[in-house]
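Presented below are the structures under discussion, each in the form of structure tokens.
Each of the next two complexes has subunit A plus one other chain: subunit B in the first, subunit C in the second.
Up next is the complex of A and B:
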């Protein structure tokens, strides 16, 4: 069967996308088995296919490649398929075909982006990804999710247009459709860069993420956390490695979300900010561009997908069983949800880069790459951001969800499928942390990096312990910011508030001009001209006749009769030939004078 | 058990911890300063 699918030209992405269309037709256990089978088939195909270009076809004189398989695309392919499998297990009991279909198409298009060998295919899958992910937000079916989905798709349409314009310009200038290194060199490349930066949530283009992901369904957020930003990391690693601008954008990207996450009340919004922070590390690695940095970026993307999905699954489980996910609503859940709490703690330890957890073996590669490159300021920024991660994702998320104040909620553990999915992700987080070699073996470049040295472990433990101490002392001394039930606006102020002000300004400004023109020009002026043009010939004629009457000594009553006759003659178009000729002459003279 | 769905989850100070916080901050700043000076 696998060889048949290979020969028939079915890349892993299309397995997902075409398979998704059959899901609504199936029911019960057959549907569950079918959904679990799709990622397994995709995985076997990916393992079977050798490096090189596959699934190529010709369209409009261009060679389109749906299977550019090399070490970089392969590792992203593995993790995308793996997390799809875990997310599907998590979503297995959700009786909502919209979520299942959207999830599969979304994951399939992310795989399509990963294995695209040309810019045209890349763009097509990029846009399918944006549309499919929007449905994962809409699937929650609340007013807030509809609004968030609308903002989300608007941002991604704009990003997609930047990408499309850039691709067209790039192909026009270079004549190449190949999806490979581009570099910041021309207008086209800058537009492509901005288009990718929107999906990568690089500040100030990041607020769509923390706006939309927390409004998605419990299972939708797990899918969302894995694909959009990480596919952008992959595309950035392929097209703009070694771009210095990315080092600084990435470094700031790690720091900015830390502050917002600390004051955020919605746990999934905290995780959204944390996601931006983590992608910042990856962008920094892409910007540094050395073999160690790219390996660090790829391995961190791999580990991050697992532990961020785990954290979103833990938060999603709480949302699923309690219907609540804000710090002001929940707390003390460890008593009745000990397994979910344990899985959340493993995710928190991984994202905080505790030794023996996955984040430690990947994040430290990027920070070490910054050190090897003598980027002292960047190194310090990344260390500061690491401490920030501990404070918000490492401690805040589990503390305010499962410990902290007792909300009185006594919810049970989520269904077994959700626990199994979280258990699988948690196991992988610990396994990769303890034994990272299998991950290092599939990275794009040979790995000589050793994470477990005395300096690394002691340095990281110092950072972690001081981070925990800072959180504890801030909380106990009353300096820790209160969680408030409010919407904290970030740079999304510009389109959520600023756009409204802009709309009001343009409404009053341009529509005011419109109303003025309507009143003065369309109504008053045209009416005046109408009245004038109705009597104008008679009045103009009288201008010449009345002085002549005075000169010939006609009396007032004779002049009045004459006036009446002239008006009547023009109204009935029965003027004498001489008057008509005089009026025509006058009209011609006026035209000449006007000219 | 506390009230559900608070409008604000504030964190009241525990007596004595502010002093501990300031002492820890001073020690941390001194420690960092020492490290930076050694690096120069």
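Up next is the complex of A and C:
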């Protein structure tokens, strides 16, 4: 196996994962050079490997494929390697091996997912991805990040278990381990679908993303923004293309987060909601499932990874140099951070799909695909969400960070490596927007789509510019939601608060019943019954003897002695024959009366 | 430290920027009449459809978000 790997070269994912293990052993410039070399090696291998199944092993009568290379997996492989390279440059000066190792293993396992040819390998890399990414959140080393990481891994464990259960059922039913089209049909396929949906952050399963990403390190969030959701988009595109449910889930997914993003105070949380919104477009494209829609999905994932990483890098730079990232704390930073501001504006223009920026050449393919299918409601929803993007990611993020009220903070630009990383991503955003052909050439299907038509450019510009006008007028007139220090409830309430309420409710409910039964039945009633059964014969006997004493004129002290003697007689089972006979008689009378 | 930029602190620059912005809005409205439209839906061909749609959508998004805040807003320490 090892000789085979050496002959063929390692799969790109394993290059990252194995390479990561050597990082703590290296220092200084050698470490930096080694980290930059790994994506280059992975890229050369991916370019040189022809389409087909590679790195195949046999395990327990199943063929495991670590290198299923076709046009779909290849394009995701390219962008994952490219963004790793950029993110590593961004994180190069971070003196924290935990982040570097976690980042590489995370990116490597995303590549492993991308090139997995069987469901078993897919699952293994899927789980490594969840664990490695958790360390990028933990690496912030704050109380909030520890808690967020804990919630993050719990959600992903649940998602992973859904996936695992689905895979087992699917293999049991179909007998096939092949990672290909599945389609929603059986119980197993539904479980797989839910497992992927967790990673794709499809509402209502989305809040882990906006919860965890803002708590990650400044550099870790850049990695996080790229891999988990987009690898889920890839897996969804391979297993569930043309699933109608996804069209609607995707369309709602584009809309719901824009409202939250508008009122969110933490800029990286705004970007988190924006990420969910953008993946919604991709889910919709997968659901439509036509060649144009899949091309749109893949190209949008490609462009999105670049501009979302750029936005997270800009936000991360602000966090890095100021230690702050909430709207209420920052503002006016363009004065001393003009380059970061410029890069953020390029990212904002790209995500808003301004002509000449990358989002324009990719998102429009998905919306056009909805139009070609005459999905009127979906088309309107996607256009509405596009206008929503300009309001939150397009304007809010750069405006409240770099303009808006002057926070008085006069921070310097971030270190050169961070600026270079942002510069590369920004260049690619503009390059792909101006000249999308290289991207179109590597898409899964031949591209006939022409983004730059007069109608499309003018229509999109009208949508965006008049959206900006609305934003400006509402901001000036004071109707725009004010920046306030607050959080907003989302569906994570159910496991962050709801679970606690549920616990308290069940504690008070079931344990209350338990306590009641213990008090009333176990303690009081049984004790009473015990006392009653112990004293009943004596009491019953006295019931007849005491009136007789009154009749015979016995004095009070004589009655007391008699009482004591009767109790003692019953306790020692030494009752006189007369009393026993009287008690037996009484018992018979009672039986007759009861009958 | 390098000199601070103050380009957007000057009211005349903001005015200039707004003038460019309004001019571009006007140009976009005029441009609608000079382009060939290949609409999937009939309303796409209506003049200024996208301008109106963009404006109204943003207003709806912002007011819905304000309304949402009434129900969802909690103190920052809510979960602590």
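Things worth noting here:
We take it that the second predicted complex is superposed on the first by the 501 of 595 C-alpha atoms of A that agree within 3 Å, B and C clash if a C-alpha of one lies under 4 Å from a C-alpha of the other, contacts with A are read in each partner's own complex, and residues count from 1 in each chain.
Quick note on the criterion: a residue touches a chain if its C-beta (ideal position, glycine included) is under 8 Å from a C-beta of that chain, and two chains touch if they have at least 3 such contacts.
Since the model is a prediction, treat every value here as computed from it, not as a measurement.
By the touch criterion defined above, A:383 reaches subunit C but does not reach subunit B. Once the two complexes are laid over each other on the shared chain, residue contacts for A:374 go to subunit C alone; subunit B is not touched.
Once the two complexes are overlaid on the shared chain, A:477 sits against subunit B while remaining clear of subunit C.
Contact with subunit C, but none with subunit B, is seen for A:263 once the two complexes are overlaid on the shared chain. When the two complexes are overlaid on their common chain A, residue A:50 makes contact with neither subunit B nor subunit C.
In the overlay built on the shared chain, the residue A:530 is in contact with neither subunit B nor subunit C. In the superposed model, A:466 lies in contact with both subunit B and subunit C. Taking subunit B and subunit C in turn and counting the residues of subunit A each one touches, the greater count comes from C.
Once the two complexes are overlaid on the shared chain, A:485 sits against subunit B and subunit C alike. Counting contacts by the rule stated earlier, residues 466, 469-470, 474, 479-480, 484-485 of subunit A appear in both its interface with subunit B and its interface with subunit C.
Listing the residues of subunit C that touch subunit A in their complex gives 1-2, 4-6, 8, 21, 24-25, 28-29, 31-32, 34-41, 44, 48-66, 68-69, 71-76, 78-79. On the subunit B side of its complex with subunit A, the touching residues are 1-2, 4-14, 17-18, 20-21, 24, 28. The touching residues of subunit A, when paired with subunit B in their complex, are 265, 324, 327-329, 400, 404-409, 466, 469-470, 473-480, 482-485.
Interface residues of subunit A facing subunit C in the complex, by the touch rule stated above, are 258-260, 262-263, 334-336, 338, 368, 371-372, 374, 376, 379, 383-384, 387-388, 390-392, 403, 410, 412, 453-455, 458-472, 474, 479-481, 484-490, 496-497.
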